[in-house]
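Chain naming follows the written order as A, B, C, D and E, and within any one chain the residues start at number 1.
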Amino acid sequence: MDALLSGQLLVAALVTGALYALTALGLNLVYGTMRLLNVAHGDLVMIGAYVAFWAFTLLALSPLLGLAAAAALAALFGLALYHGLFRRLLAGGKAAQRLEANSLLLFFGVSVIVQNLMALQFTATPRGYQYLDTVYRWGNAAITGNRVAAFAVAVILCGGVLAFLRFHVTGLAIKALIQRRDAAAVVGVNVERVQQLALCLGFASAAVAGALVSMTEQISPFMGFPFTIAAFVVIILGGLGNVTGGIAAGLLLGVLETYGVALTSSAYRSILVYGVFVLILLLRPQGLLGGRRIVR
Amino acid sequence: MSALLEAEGVVAGYGDIEIVHGFGFAAAEGEVTALVGANGAGKTTLMRALAGVLPLAAGALRFAGRDIAAARAHARVEAGIVLVPEGRLIFPHMSVAENLRIGAINPRARRDRARTADEVYALFPRLAERRRQLGGTLSGGEQQMLALGRGLMAKPRLLLLDEPTLGLAPIMAKLIFSTIERLSEGGLTIVIAEQDVGQTLGIADRAYVIENGRLALAGAGAALLDDPRVKAAYLGL
Amino acid sequence: MIRKLSIALAAAALFAAPAAAQNIKIGFSLAKTGLFAQAVPSQLNAYELWREQVNARGGLDVAGKKRMVEFVQYDDQSNPGNAVKIYEKLITDDKVELLLAPWGTPHHFAVAPVLEKYKFPMVGNTAASVQLREIKPGNIWFVTSAIPDKMAAELVAMAKANGYKTAGIVANVLPLAKEIKASLVPALQKAGIAVKVSEEYPPDIKDMTAILTKVKAAAPEALFVLSYPGDSVLYAKQAKEIGIAAPFQFVAVGPTMDFFGKVVGPSANGLVTMGHWSPAKADWKRAKPFYDAYVKKFNEKPDYLDTVVSYMSLEILEQAVAKAGTDKQKLRQAIASMTFDTINGPVKFQGVQNAITPTAFLQIQGSELQLVWPKAIATSPFKAKTGW
Amino acid sequence: MRGALALAALALAAAALPAVAGDYHVGVGLGLLMYVALTQSWTVLSGMTGYVSLGHVVFYGLGAYVAVLLWGEAPLAAIVALAALAAFAFAALIGLPALRVRGPYFVILTFGLAELAKYVVIVVEGWLGKFSRVIFGAPDIETLYYIMFGLAAAATLMTFLVRRSRFGRGLLALRENEEAAETVGVPTVRFKLLAYALSALIPGAVGSVMVLRQTYFEPAQIFDPVVSFTIVTMAVVGGSEDMKGPLLGAAGFVLLSELLWANAPQLYMVLLGLLLIVFVLFAPQGLSGLLPARRRTP
Amino acid sequence: MTLLALRAVSKQFGGLRALSDISFDVAAGEIVGIMGANGAGKTTLFSLIAGNERPSGGTIVFDGRALAGLPPHRICRLGIARTFQIVRPFGGLTVEDNVATAAMFGAAQAASPAAAAERALAVLALVGLAERAGDLAETLTLSGQKRLELARAVATGGRLLMLDEVMAGLTPAEVATMLEIVRRLHREYGLTILIIEHVMRALMQLAGRIVVLHHGEKIAEGPPAAIGADPRVHEVYFGAAA
């Protein structure tokens, strides 16, 4: 029981939670603004991890700088996908349900292609490197430098995006699109441009998460799927399309998982995560933190 | 008096369903132009087509002498055509201030947004009181004020008002109408679509009756108010 | 329509692989994509290195006649059902003369009935399970000596020999780990070593802090981490962070792979892992040349576990074919009865199992992996882990 | 009529396959029949009601688990039947809460349920002290092939009958507009639930057959989400408007992947991904939508 | 004989009171009109009676049976049929199948698919959609879809028909046709009709009695002439100015 009170668990919960929050952020933006279900989201995490890995291995570039390259590359990829696949789909304006189902399949196709192209290019061999591996201690808690860095970057980026959504007029436009698609155009939001931006931002943030993860985990072309799952669990928990809720839910999931496991057994970790996920969907599909729908 | 907006043979609808089958009218600079008609007659569809939210299936649209039939919604807002939509469509999870702020997203309006906001707050002191409140938690009447205020934030040359008193208590409807009159007196060109025929025709310089997506009748506002055909259409008297 | 298409398929396969009459076709399927994909390169590299070496020697000696080796390989997408289908295809359709093993325990089990049906001999490699012994012998053999119950017994013997009195277990819930654990717990009890902490975790774990905090509090002398490559890395990184101080730390699968050293670095020093081979073992004459050839070709170290057992299975096959040719009956006889000289020393089968190679453990010492147990084959003495 | 003849010819060819082809082709045929059975069953729910299940592997997995538990304890026919019933019962149980959720939520929910079930089975196996299970003495491929043939035929027949029935009409109505369907008297809750349970029945049996084919059971592999995705992909590629769709989708997909992996093993996954994208973008009604003469309501 | 009786029916959406304390009766064979401005609660009233929404308070009794808590399909089978103001066709089904579905599942369930199709075609002929029977419902124009809504409700075989703005958006000629259809349904089929309508002339001609709602409250009830002369109704429709 002492373990529960140790700072160590809190550190773990916060680091895990911050990475969950950052990973889910992009998925939420893409779903919120366009109702696209991006099941290839984890593959962007993977791409980001590879960019950081190669930048570090070949150019000896710090992953904290490599993440900028990862973000840029992912944003470009997002732009290409937008023009290649989704513009037509979004302009069609057919029933939203169809759009969601179709986007899921399209992204599934993208996911399969990306994974296998990466495997062809880099082989499936797991890779990794060491960066900021020193352990820092205070009190009864300890943390490696790379986890501090990952936490800091994730928190800064989540906070930055929240601030952008809150204070910048373009951020406001993204929120407008999420809350009321039909009204966004009416007030003069350039819907097309904002959608592109949201997709780029969503992809880039996933890639940054990947770059951060690459400092602490092994990477491989097929590593993405669990991140997709985690991101979906988080945004369901926070309410689909609710960006602030998603970030809070990411942290919450980190805490829930870490302490849940500490209280029961690690063997139940996945049951705990999926159990919460399924229960939320059944009992409160608008998300744990989502407000009640406004009734007109 | 020159026409600020001219529409000719406008055809619009949703997918395969055509609702407006070739409607033409003109809104003169500085005047209030009313579009009246029954529910489902096509008023809202027409308004959305004018604002560019719905694509024009056919027809011509000129604004201040410029052809804008192909311009997308945000470009029309930038040109000065601003719709206050039916159902208000305010952003429910944004504060009053944010709702107003996003109204001024077009570059033309962005610079002056602080001053415009002050004007809007002056026009609706109630909004000033509730600056920080979320849009979704406002009452119906307050939401309508907010929608109107949000439209004004865009610095419109032409304001399209779609059912601005829908579902409002009479006292609130009255307030909205008096505001519209004040705006008109300030020189703003307004097109209003309303079911409340009486009050609408009362403030309109010119009115068009739309029936089943087509023009049924046109004339000076006050004259139509006494037109027996209008009375017959709306009260069955 | 199905028939017509299947004929077309057969025709396509025919055109795709116009076999030179002299070449010997050797078939296999690997999990190139899917769940296990990242484990497969260790094995595939061994296959490719071997083919290159054999062909450089003028071909495979088939009962005195040299024939160039040609691979017929497929991807089973990590799906055992696909593997079954592919081995049937290799045998009946591609008419390969020899088979190499697929990746992983499930796939070995899945193809075993196919081998039995066609009486087709295959030397298995990357499979480890106590249930292997239940397979009817005669068509499949397993070179590994890392069988879970034997490993458990040896681990306990090693801990006891070093005088450790308390133990902790952290285990993945996947089969190999659970099998080791099932034998480990009673063995520890029998040896009078108290299990002070025992935790399980699912394969998709992302953070071990909760487990390791409990482990740290229990402070066992010997810690058995029954993990797979991904979670081995996670363990090493977080154990360092939290400061797990057990002098004896066993990490099951992963430390033998090249990337592990790159990710974990010098702090991995002192970890013990499963594996029964080392290039430093001088009396295994073939060991060092293999190591050098591998490093030269792939520019990284071989996996001391999977690459080694895979390569051993090829050596065994090569030597059996040299004696018996490709006649299935003779070949089965040869594999079952010969003693083979491999990079891991001599191998001889009893039933389906390797009866000679001892169950052994490696320890990371500096930049090398040294055999530390059993003492009879050790290349270096065990050294207690002193920190991260 | 021509359709019926073509179907009969196809069935005859499928029935004759083991007699004329080698094990490998019978194996391909088995895989094809498996996906015909799974995809046909899936359309009873997702094609007819619009509730898209991305977790159909859960029924397949449960069926497999039942088969593994009962292997050696009960005759083959009983095992297959019990596997089907178990899946049916499970669907009926979780269907009531699950089907209250619509649209993308339902899609994600079904996926989550399948993953949850996987981890529950892993834990249960742990309690039972089992690490993985190997099946010895499994039936030969011909036997499994004919059982699968029966399942594929049954699933095809089921979709055919459901589509023509009053029940099927009710499902289509609720797919088009659930509230309107209720208002004209369709008992939507009961119908959805029945459709869900029916769509689980045969996948349960299919799972039991396939685990006997693989002779190895390990939950993480049997509850493979790729199976769920493949089913949806086949329904998209083939179309899910009538019973032709799943036949075309499964056949097209399985045969194409056989062709591709034999000839371009490295690239075939990439090509399959591209194919999926092309179909979603340019042929949303699937292969069967490209066939002439179609009237949408059955 | 009272067919439908509402007593103190209320509906609350979150903080919004959509209907409060509505009470009135509908006798068998009557045509009762409901009028009121947008947002007055008319459609909500229909949804409560048809079971699409649950009342927050009050009782609704149909033919001596309390409807509280019954799902819509059960209420439909008891004999209440409704149309939707915002049309809800089964877009991907043919026009005939739209109507046949109602015939199969409604209050008077057709014995066979053939019988359902027969009834569907008869009803389609009545509303003037017979020629479009084989087309997909989503290809109909708005007025076509309005008539389809009506046909589908009629085909259920219910005794009480609730029509929600079936004439909105129709041309005067179409309104006349629709009026004739509704009259025939009343006369020949003996249906009791509850009708929401904005085309006042139509309502005044059809209804024997009109209930006026305003902001969720009943402000008037009576014969058309009295309603037309009621100053409160005038105020609601023309504002205080008139």
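Observations, loosely collected:
We adopt the following convention: a residue touches a chain if its C-beta (ideal position, glycine included) is under 8 Å from a C-beta of that chain, and two chains touch if they have at least 3 such contacts.
The structure presented is a predicted model; accordingly, all values stated were derived computationally and were not measured.
Minimum number of contact steps separating chain C from chain D: 1.
The chain with its Cα centre farthest from the Cα centre of chain A is E. For chain D, the chain whose average C-alpha position is most distant is B.
Chain A and chain B have Cα centroids lying 41 Å from one another.
Centres computed as Cα averages put chain A at a distance of 48 Å from chain E.
With each centre defined as the average position of its C-alpha atoms, the distance from chain A to chain D rounds to 31 Å.
Centre-to-centre, using mean CA coordinates, chain B is 74 Å away from chain C. Counting partner chains per residue, chain A has residues 115-116, 229, 267, 270 touching two or more of them.
Residues of chain B found to touch two or more other chains are 15. Residue positions of chain E touching 2 or more other chains: there are none.
Contact residues on chain B toward chain A in their complex (touch as defined above): 15, 51-53, 72-74, 77-78, 82-83, 85, 87, 89-94, 98, 101-103, 105-106, 109-110, 136, 150-151, 154.
Residues of chain A touching chain C in their complex: 2-3, 6, 8-9, 11-12, 15-16, 115-116, 119, 123-130, 133, 135, 137, 142-144, 147, 216-218, 220-222, 226, 229-230, 257-259, 261-262, 265-267, 269-270. Interface residues of chain E, counted against chain D in their complex, comprise 50-52, 71-73, 76-77, 81-82, 84, 88-94, 97, 100-102, 104-107, 109, 113, 136, 152-153, 155-156. Residues of chain B touching chain E in their complex: 15-19, 38-42, 140, 163, 166-170, 173-174, 195-199, 202, 211-213, 232-237.
Chain contact summary for the complex, chain E toward chain B: residues 37-40, 138-139, 141-142, 145, 165, 168-172, 174, 198-205, 215, 224, 228, 235-242.
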